[in-house]
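Some structures are shown below for you to check.
Both of the next two complexes hold chain A, though its partner changes from chain B to chain C.
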Partner chain A sequence: MNRKRTFAVSLVLMIACAGLILTGGASNADAASPKLKVAFALLWTIDDQGWTTAHYHGIEYLKEKLGDKIEVSYTEKVLAADAERVFRNYAQQGYDIIFGTTFEHMDPLLNVAKDYPDIVFEHCSGFKTAPNMGNYFARMYQGEYLAGYMAGLMGFHNVGTVATNPIPEPIRGINAFTIGLLKGLKEAGHDAKGDKVNTIVWLKAWRDPINETTLAETLVARKHDLIRQMADTPDSSVAACAAGVPAIGYGEDAARYGADCALVSSIWNWGPIYVDKVQQVMEGTWKTGEYWGGFDRNNIVLSDFHASVPEAVREKVLAEKKKLEAGEDDIFAGPLYDQQGKLMVPEGQKASDKDLLTMRWLVKGVSGSIPQ
Partner chain B sequence: MIWRIEKRTAALARPHAWLFPVSLAFAVAAGACIFSALGVSPLAAYGTMARGAFGSFYHFSEVVVRAIPLMLTGLAVAVAATMLLWNIGCEGQLVWGGIFAAGTGLYLIPHLPPFLAIPAVIAAGAAGGLLWGLIPGLLRAYLAVNEILSSLLLNYIAIIFMEHLYFGPWRNPEGFGFPGTAQIGEAARIPHWFGTRIHLGLVLALVMAALVFAALRYTRWGYQVRAIGLNPQAARYAGFRIRGQIVFIMGLSGALAGLAGMAEVSGIHFRLQQGLAVGYGYDGIIVAWLARLNPLAVPLVALLLGALIVGGEQLQSVLHLPASISMVLEAVLLFGLLLSESLARYRLVRRAAGEETSAAGKGLP
Partner chain C sequence: MIEDLAFIGQIAVKSSIAVLLATLGEIVAERSGILNLGVEGMMLTGALCAAAAGIATGNPILAVAAGTLAGGLLALVHGFFAVTLRVNQVLSGLALTLLGMGVTSFLGRPLIGIAPGVRLRAVPIPGLADIPVIGDIFFRQSPLAYLAYVLVPLCWYWIFHTGTGLKIRAVGEDAAAVDAAGIDVFRIRYLCTFAGGLGAGLAGAYLSLSYTPGWKESMTGGQGWVAIAMVIFATWNPLRAVVGAFLFGGLTALQFYFQAVGVELVPAYVLKMLPYLLTIAVMILVNVGPGRRFGGPAALGVPFSREG
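Right after this comes the complex of A and B.
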């Protein structure tokens, strides 16, 4: 009897589901069209409020600009072991341009690019290229420099930074921020020479919300007057706000994701790069190469300022931004000293792009070290 | 009238024959409901998944690639669980297998020819996992430390240590400071076949599955392990050396997980880097339970899970569904198993209300 009843219950459930199946949405198969097919592999989910969300906004921008001429697909959570399959799969489906949007996608993308010479591949944040594979990145350090400059002008001289991975990109950002901070402090009349104005602690991850919160709270408890977020999620900024200390956001506009104390955020703006690259493929003018744009090509933007940022400070920061937009990037102009006071960039010289891309030293004014 | 859930007094005649089909049917039906809720026809969704997993030889080869580490971690969990030991630490053992394999390939034997280098890398990977598995084994055997906690916590240590290596001393000197070791040499990479990413790890996994099955079923050692698993007290009275078995089994389990890490490093990544510890150790627990701890069923279940994951990717790229969909399907499959397990152990009984009160009243003084 009981077994019969169990089967009856299962049967009813099945029928209920079958009803749903039959009434479910019809398949929306597109008719064959000559649209250019564009694919993206994303590191995490599109709602990660940081790195992947920024790329997703780029994809949305691309659709908005070229939506009627292209077909876009993306795959989330593409980690190193799966990347090659995801790329090869898109290649087999006849996609015309395929983007890998995180560092670990580099070698898998290169492997697939070798097998599909007629497809264009673009990789974000790496250093390898091929005849049909270019790479692109944005000069985030310019935005970090402006954020530091703003903080200095406002008199913050004991910043706590929740840094991510101890590799050149964040190191460059920490240095640019500190250079801006010292410049701002100097102009605001603080004599911060030789001071440790920016203390860094490392997450050793791009995103780790629990540790982001813990480290931000620790920095607040150690009486730092401003918390600088560098991680992919706004959690360190949110933690600072909760503790009553202002923050600086990173990657996305932290103020939009719950950190209402964020004074300003420097934001990735991938959209224009995606439109350019896709348009080049459409027109047949795409060439391989290494692309690294900043404010001059609108690949980095600054969020709106917090209401508490004085008008005079805003003007100065925006004037400095204008210079960057005009292509005058003198952030890493000498003389620059490292933490031990060793001259790293002499007066009259500027760190080259190669120096910046391989940077493994911290400027004077930073407290903390690069873990080995 | 009142419904009650009661434990079955007699076991079902042949539970295995229908448990798996029922859980699968439940998963498929629940999945269909989810797809409908997302506005996608379940037929189209399952069709897309099937094409993604089995649509071409290449696609199927990727299912196998994804299943290889799951086979090995699934075996690792199953062999320990046969003796009622919960090895939640496969992730860390996998990581140590990877560390030993990469270290051997990069630093110990960078110039050996393949016929020596490959066995060395395989042995190193197994040794790495074995050593990490021995820690919770010894703690359990001699200090009665719960192996669930110790093995789980050791995962984090293993992962952090691996990160230390590829951010610090082992970082690729030509990698522009990016995290990750240099690539291991061609000689230390396990062979790939059929022009796909299917590698030697498949053979290792299948051979290990057969060996573990045979050893558990037909040897004196296997009899002891099964006896201890069924009734540790009785086994102790019978004079079995339980401590020694605990240490041995945890070492064996660790070595199997270590092989998974070795195969990932030497067959897929060719280096240590972010993205190596992605939860294969934890997925192994699901595989072992879906396989009902039967070593021969482990590879099949791993393939099923691999197909689910690889096919699930297509739901993203073709039907533009969110990434979490394959995890949802995986979870539904597990719920299906739990459901059918409950059906096997419990039954619904209908009682008249009066009968119920009197039954409850009996307990009162």
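Right after this comes the complex of A and C.
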């Protein structure tokens, strides 16, 4: 058989297979026309048990609340390289509001927003806005703070954290958790002064089930008494359970995904944001801006506690949660010191939202560093 | 310190088993002259089928068999293109990887989040497991790890000390000569490609039944590619594959250990790069200097046809 032909056959084969991959993510659209059209671009599949599942729960909530007035579509696995095409496609089809749900969607969304001034764009977890593009995020660190507080009250003083990527969002979460942990330990009568109570190890990925497992097992072998999951998949919590060490879930309720030892999980709750934004567009009251809600606006929720969490601890944690629900967020109130003991937030002051969004230092009590 | 050594070793061995099994399979295939770059795809397929069979039947033996066989069957697709149609093996292998990734991502969706039907937990071997350090490192592992321990010498003996092994190596060196001697080149190449797929499928089954039970999309995380590099690192010898795989596992274990202890002697990025750097180094070493004692099979990737 001649070489060129075999080469061509092989090429066709490869292209066919590549096509299969690209269409691996599903698109879903409801029919009907006069309704408001809402579109979502999702990072991964709706059943990733983490980030995208949380957004999907938000979409389901939106449909439940406004289902008869809107038409909702979503596309899965919209990676950075493909994002602009997906957004442009939705814009051309006349969608009224388009959501980009991961950090990497920011610039592609902005590019398309410039070309379609009459369409509303909303971006999750970024920092750029336009007259017709707003951004939104949830104060996950509040849930992480409560989880840390609970762990401290229960006397855990050697936590091992499976951290993800060394950028401000996880760093903020690590700090909030550690601040809560130290507060809890103090109230429980443990003298944790000067101790490193929370050891962090970076995965350098948002999800990587095999390495999450390896990392959690390494931390268990290093005799850490509690494993804290930060990755999108529950595998580090599951691995901790299998090794007989309690875990703390993140993003979704880890206990629902096989980590039956998870003491508590802090969970994204995007639904209320989506209903608000869509309603504003419907009523013509939508304005661009930056939205960052926490427990006060029900954008973060806490899972049920594990049976082993004592009643007294639950009461204290829930009392602290009440404060956050009332808008009293003093988590990053001074004095706060970094790992070297340098004063970062003086007494009487509080880290501003801008400080939080650009946070690149770890609080005292954390063992580990931020890789460059 | 000794304790740390024991658990680093334990995690290193645990992390190396999948790569080792896939490497063994690929060595057999490449020894017969078939280059199969589809290892990653076959591993994923094996992982998915093992997880699915585990959920469906709850039977560990059936689950392992299903994963292993799935890898083998997918390899036969490569066999058909590479041996019968004589297409470019690099392209066909890459297509197999892409096919495996796409198909498993599509078909695996209903399995995500379902409790795994089979969990192959570590089983300490009585007696051996109590040896200090060594016992902790090698004899408190998954049953599939023990299977790998047995397969390594068997595979080595098969390739280097049996009549069939001689034929396999001969086909990989000069298929035309072997054909002239009256040996069925096609049959041997199909057989070896199939065996290679079995290795990759078993490696996938190890990941989804033992390492982190349950199916997760693209859960192999590039280990199939590491296996292909390890074949070269091992210079097509099953015994040396152990060194390569253990090196990979050791680096995996160490990159987290250093961070956990708080002394990052070598940056994690460098550790991740090391298996590939070493492979390149081995390739250079075996190709400079006189002769090519450690070189690959001469007819690797070369299709055979009687018309020449």
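By our rule, the second predicted complex is superposed on the first by the 340 of 372 C-alpha atoms of A that agree within 3 Å, B and C clash if a C-alpha of one lies under 4 Å from a C-alpha of the other, contacts with A are read in each partner's own complex, and residues count from 1 in each chain.
Here is the rule we use: a contact is a pair of C-beta atoms (placed from the backbone, for glycine too) under 8 Å apart; a residue touches a chain by one contact, two chains touch by 3 or more.
Only a predicted model underlies this, so the values are computations on that prediction, with no experimental measurement involved.
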For this session: Based on the superposed arrangement, let me know which partner A:73 touches: chain B (first), chain C (second), both, or neither?
Result: first
For this session: Could you say whether A:88 touches chain B, chain C, both of them, or neither, answering first, second, both or neither?
Result: first
Exercise. Which partner does A:127 reach: the first (chain B), the second (chain C), both, or neither?
Worked result: first
Exercise. Thinking of the overlay built on chain A, is A:54 touched by chain B (first), by chain C (second), by both, or by neither?
Worked result: neither
Exercise. So, does A:238 touch the first partner chain B, the second partner chain C, both, or neither?
Worked result: second
Exercise. Given the touch rule stated above, what does A:45 touch, chain B (first), chain C (second), both, or neither?
Worked result: both
Exercise. After lining up the shared chain so the two structures overlap, which partner does A:371 touch, if you call chain B first and chain C second: first, second, both or neither?
Worked result: both
Exercise. Taking the superposition as given, does A:247 touch the first partner, chain B, the second, chain C, both, or neither?
Worked result: neither
Exercise. In the superposed arrangement, which partner chain does A:199 touch: chain B (first), chain C (second), both, or neither?
Worked result: second
Exercise. Which residues form the common part of the chain A surface touched by chain B and by chain C?
Worked result: 6, 10, 13-14, 17-18, 20-21, 24, 45, 204, 371
Seminar exercise, completed: Per the touch rule, the chain A residues reaching chain C in their complex are 1, 6-7, 9-11, 13-14, 16-18, 20-21, 24, 45, 47-49, 160, 199-202, 204, 208-215, 217-219, 221-222, 233, 235, 238-239, 242, 257-258, 367-369, 371
Exercise. What part of chain C is in contact with chain A in the complex they form?
Worked result: 4, 7, 10-11, 14-15, 81, 85-88, 91-92, 94-95, 98-99, 101-103, 105-106, 109, 112-113, 115-116, 121, 207, 211-212, 214, 216-217, 219-221, 223, 252-253, 256-257, 259-262, 264, 267-268, 305
Seminar exercise, completed: The chain A residues in contact with chain B across the complex are 2, 5-6, 10, 13-14, 17-18, 20-21, 23-27, 29, 39, 45, 73-77, 79-82, 84-86, 88-90, 92-93, 103-104, 126-127, 165-168, 171, 204, 357-360, 371-372
Exercise. Which part of chain B faces chain A closely enough to touch in the complex?
Worked result: 22, 25-26, 29-30, 32-33, 35-44, 52, 58-59, 62, 65-66, 163, 167-169, 176-180, 197, 264, 268-269, 273-276, 278, 310, 313-314, 316-318, 320, 322-324, 343, 347-349
